[in-house]
Amino acid sequence: MSASIKRIGVLTSGGDAPGMNAAIRSVVRTCAYHKIECMGIYRGFQGMIEGDILEMGPRAVKNIVNKGGTVLKSARSKDFMNPEGRQRAYQNLKKYEIDALVIIGGDGSFTGGLVFNNEFGFPIMGIPGTIDNDIFGTKYTLGYDTALNTVVEAIDKIRDTANSHNRLFFVEVMGRDAGHIALNAGIGAGAEEILIPEEDLGLERLLESLKKSKASGKTSSIVVVSEGDKIGKNVFELKDYVEENLPEYEVRVSVLGHIQRGGSPSCFDRVLASRLGVKAVESLLEGKTNFMVGIQGDKIELTPLEQAVKGKSKIDEELLRVSDIMST
Amino acid sequence: MSASIKRIGVLTSGGDAPGMNAAIRSVVRTCAYHKIECMGIYRGFQGMIEGDILEMGPRAVKNIVNKGGTVLKSARSKDFMNPEGRQRAYQNLKKYEIDALVIIGGDGSFTGGLVFNNEFGFPIMGIPGTIDNDIFGTKYTLGYDTALNTVVEAIDKIRDTANSHNRLFFVEVMGRDAGHIALNAGIGAGAEEILIPEEDLGLERLLESLKKSKASGKTSSIVVVSEGDKIGKNVFELKDYVEENLPEYEVRVSVLGHIQRGGSPSCFDRVLASRLGVKAVESLLEGKTNFMVGIQGDKIELTPLEQAVKGKSKIDEELLRVSDIMST
Amino acid sequence: MSASIKRIGVLTSGGDAPGMNAAIRSVVRTCAYHKIECMGIYRGFQGMIEGDILEMGPRAVKNIVNKGGTVLKSARSKDFMNPEGRQRAYQNLKKYEIDALVIIGGDGSFTGGLVFNNEFGFPIMGIPGTIDNDIFGTKYTLGYDTALNTVVEAIDKIRDTANSHNRLFFVEVMGRDAGHIALNAGIGAGAEEILIPEEDLGLERLLESLKKSKASGKTSSIVVVSEGDKIGKNVFELKDYVEENLPEYEVRVSVLGHIQRGGSPSCFDRVLASRLGVKAVESLLEGKTNFMVGIQGDKIELTPLEQAVKGKSKIDEELLRVSDIMST
Amino acid sequence: MSASIKRIGVLTSGGDAPGMNAAIRSVVRTCAYHKIECMGIYRGFQGMIEGDILEMGPRAVKNIVNKGGTVLKSARSKDFMNPEGRQRAYQNLKKYEIDALVIIGGDGSFTGGLVFNNEFGFPIMGIPGTIDNDIFGTKYTLGYDTALNTVVEAIDKIRDTANSHNRLFFVEVMGRDAGHIALNAGIGAGAEEILIPEEDLGLERLLESLKKSKASGKTSSIVVVSEGDKIGKNVFELKDYVEENLPEYEVRVSVLGHIQRGGSPSCFDRVLASRLGVKAVESLLEGKTNFMVGIQGDKIELTPLEQAVKGKSKIDEELLRVSDIMST
């Protein structure tokens, strides 16, 4: 154990994700377990700059393991982008006698943390929290499993209508740069086709596939589309294109939107958050810094933050193939 | 009991709604209970025209009481709008020896039924099935209670993000002509303001209300907007307007869309569907025609179809006041 | 408005029920709307005796409309059963300058309130909160609709196994004295038979019904049993009895238990709670006392508390018949 | 590809689990993809003996990916335990020209399959389907992830009451021989203590822990107990023991029971089922037999069925520690 760390600060930053509260709770209780103090920093880096900081004991985090969002709130901080802001943030950490920082967030938050560490040598540890699952060094980010369940439940409902009316639905899901949600939820929801940023299906093949689907006797279909799909058309343009080219289809569009970020975390996300929080605190106590904790295989492992930020979590080729077979 | 009715046909028409399957099941089993036959007519009036008709015994409807959508499927029928189509439909009813018709649907479906009855004197009975709750003669339409739960659950999720980021969300819900969903789900979800077709809040009062809300210490807010709100702006225009006039607000939009139509029906909708189905069949057997079954107070009552179609279910003034008080 | 009421106290008492928090919120905000103060009394009458009382402003109840349980906590109070306890409670109300009391709870809580009013002439108003729906003067108690949904969702899951294995399940639901949950959830879940306290089906008819059901081709069945069913056997004895007499059945038992009390309230319960809270506060302000607010038909009405306590909400005969027809 | 396999049979056996339908769908569609035929065998080995076998094309499995239970039904087969039964089963496979068998089930089902293969050299492949997660060779069995979510959602509801009344709840979850559900759902639900078959906490330590918990300011607690916990008392005996020794606690018991087996599968289970089905069929086509497909790390791998049956999936020591830290 690092003799020098007596008090750890924890913050959430970037878009909120289910499981963030469970991670906060884990950080707080792991600190208590190791008899060190824990300070909650509100509204991410902005609260660090403004000194919006409160002590959190183990009872302060009761009954939040199952809550969506983040009790520490999150915010984007422009001030943290310039040196004066970061200087003030550093002063606050000194003032509150915080010795190390756990940052729960995504790419952007980690990059901010690295810059901060670079300037002040302040020990930091990242916990990946984002529904997009687009961070290198962890098979699952916090919130991703919950978001998948939210998406398949939503599409299950849409399918009721699709089936009742023999319609085709384009369902847009989150994922500007990564198709993980679309691919997994698409398989889970029994989608006909799945359009993701990583692979350009092409408009031709989409039409081909829909034609084949109709011919095979399917009376209704769901196509899941990632926000950032590579085909180069948004979901409303796709609808128009398909209706023009396949007049036998009546098409509807549904943009799932912000419901994907919220909700009570799944058991998987709660357990993962608990494990990651333990590892984050204990790694700091062991004197480590500039790592992200993540799950690889079934183990919690460390990845250098720099790699986590630069690397890219790849789409699993096997899943593309499974998706293809399932829409037979 | 009417000696002349030996076989009843049942169909679902218009937009699907949770509880339609429970109503079909109820019609089928009530027929079996009274030892008459029941025929399922697929795809609404269109299937009636095309002769897409199958016998349904009590076992044919097992395990559907809890399913969204409609196993009989639904469709809009242009052919039924002209006399030849209706003539063919009538021939098919004769051919299949169907003596009376239960129509599960909304306004449009009932109007079609009335025209049909007018031309051929064919006995019909309506069951109100639509999530919009906009039918006169019933306090609740099938699917409405389920849709309310779907909407509040969705907004609960959105609120996780709203709270975490101190944001304002405009959430658009279904209801082109009626604000029932918006008003009830808005109260249920703790919305700051609710915009409905029946009442023009006015842009000024909306701004006023949001300003007051900010001043009162609220850090996040939800405004629920009916598709057909009277303020004359769609939900994206509202966002722009508010951001322009209240720069202190960061606004997000969520259009809930088709998830509102689907899902497993609530217990209320299942029980209501069961009661309405019994009453519909037994009313036909008593020789009644051209009525809609509905719930008034706690009783299942008949309303002349013509009234059901022409009348309008009104927004409850008490609820507007409750909504106002709740956002204190 | 009653000039004399400047501060209202609110408490929850007896078993918790979903919607209690929404009712607390409504009471608090209605007070704020009318510019009077509101004090939250913790742990029911016990907290009143111990002076566990805190002011609640409108922001104190944010984000609880969708939470199960009660933020004011509930407790059974033996001390309130003797005069000294009630005297201390009264002293505390005086000390905190509370002028009237809103009691959210069931029969027992209302009886306690009446005794208290009798002794001290203290103005009280009841809001019916209990999942059992066994209170006279309101068609729905708070929490009942949510409990029904919880029960049908649970039975939907059990039915997956019943269907997969061709089994018979006895499912015990709450309701020691009232069969409302069993009857409505039984219809909603498509139960074969429903055993309730109000009607003695008789073991013979149960066997008869199960035999007929098997003969009619049903491969799996659910029997919903109220805790206090009149047949005089508990759910495990029923299992043994049926297996002895109908060896063709493999029987399983599931006691749903406490999950029925919890969970996020349905939209219906949230709206009802909001309406009841408004009416409770405004009735007190109008100088009324010793009433319970409730819903009758579609209106919020007052019932003398004495009647609410003595009367009995009856089982709807129509529903018994619907249940019978549905299991055809 | 094995030239000799032209037709594959698929069956579900043992207790049903969410995801079994998704696995059936995957097996059927993977067969179609490879242009071989697929036969559904109803009621497990019993249907194999009785010749309850039907062809399944890709459309036969539409809209089941999200359904709990198993459309092929499951059963325990005594007849399959003696050679004559198995002989008849083999004859039926020959009669229906089935060349290989996919068995979806648990330990017992795989053992049956191995005996069968041993006697007739019939190619078999196992897919692990059971909520207990107690099969060696796969990190997750089908249905386990869904069951975890069902359990944490149920405990979330129970916690509403526990919190409202400051009570202690013992919640019994499934797992006669394996504590995976208890351990993971216990962490996910924020349980105070978790009693599992693999570790004897001891009554002393349980009391100690509850005492400490009370002292630390916790007002309510949940203890999750595996059916087969090693402490040697069932959940009702535990309640009595604790109430006797810690009179400051008011204890309640909830046995979650059969709801844990049902429900719509989680996205994770649906995707896993899809992947396992593909691998099972393709492994048979590659000429492999007597394996179980499973997930190890993030990859789908084969494990000899004999190992899968004999081995034991171990409790993760790290999780025990995390659980301990979380209840700080």
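A, B, C and D are the chain letters, set down in written order, and residue numbers restart from 1 in every chain.
Operating definition for what follows: contacts are C-beta pairs under 8 Å (C-beta built on N, C-alpha and C of every residue); 3 or more make two chains touch, one makes a residue touch a chain.
Just so we're on the same page, UniProt names per chain: A, B, C, D = ATP-dependent 6-phosphofructokinase.
Source: prediction; values computed, not measured.
K.L.:
If contact pairs are compared by residue number, which of A-D, A-B or B-C agrees with C-D in over half of them?
P.N.:
Among A-D, A-B or B-C, the interface that shares over half of its contact pairs with C-D is A-B.
K.L.:
Looking only at C-beta pairs in contact, point me to the busier pair out of A-B and B-C.
P.N.:
B-C
K.L.:
Measure off the straight-line distance from the CA centroid of chain B to the CA centroid of chain D, and report it in whole Å.
P.N.:
So the centroids are 39 Å from each other.
K.L.:
Calculate how many whole Å lie between the centre of chain B and the centre of chain C, each centre taken as the average of the chain's C-alpha atoms.
P.N.:
Roughly 28 Å separates the two chain centres.
K.L.:
Taking the mean of the CA coordinates per chain, how far is chain A from chain B in Å?
P.N.:
35
K.L.:
For chain D, which residues are shared contacts with two or more other chains?
P.N.:
Touching at least two other chains: 156, 159, 163.
K.L.:
For the protein chains shown, what form does their contact graph take: line, ring, star, complete or other?
P.N.:
ring
K.L.:
All pairs of touching chains?
P.N.:
Contact pairs between chains: A-B, A-D, B-C, C-D.
K.L.:
Quick check: in the complex, which residue numbers of chain A touch chain D?
P.N.:
That would be residues 25-26, 29-30, 32-33, 58-59, 62-63, 65-66, 139, 145, 148-149, 151-153, 156, 159, 163, 184-185, 187-190, 216-218, 264, 266-268, 270-271, 274-275, 278, 296-298, 300, 316, 318-319, 321-322, 325-328 of chain A.
K.L.:
Considering the complex alone, what residue numbers of chain C touch chain D?
P.N.:
Within the complex, chain C touches chain D at residues 12, 15-16, 18, 20, 43, 67-70, 73-75, 150, 154, 156-161, 163-166, 169, 252-259, 261-263.
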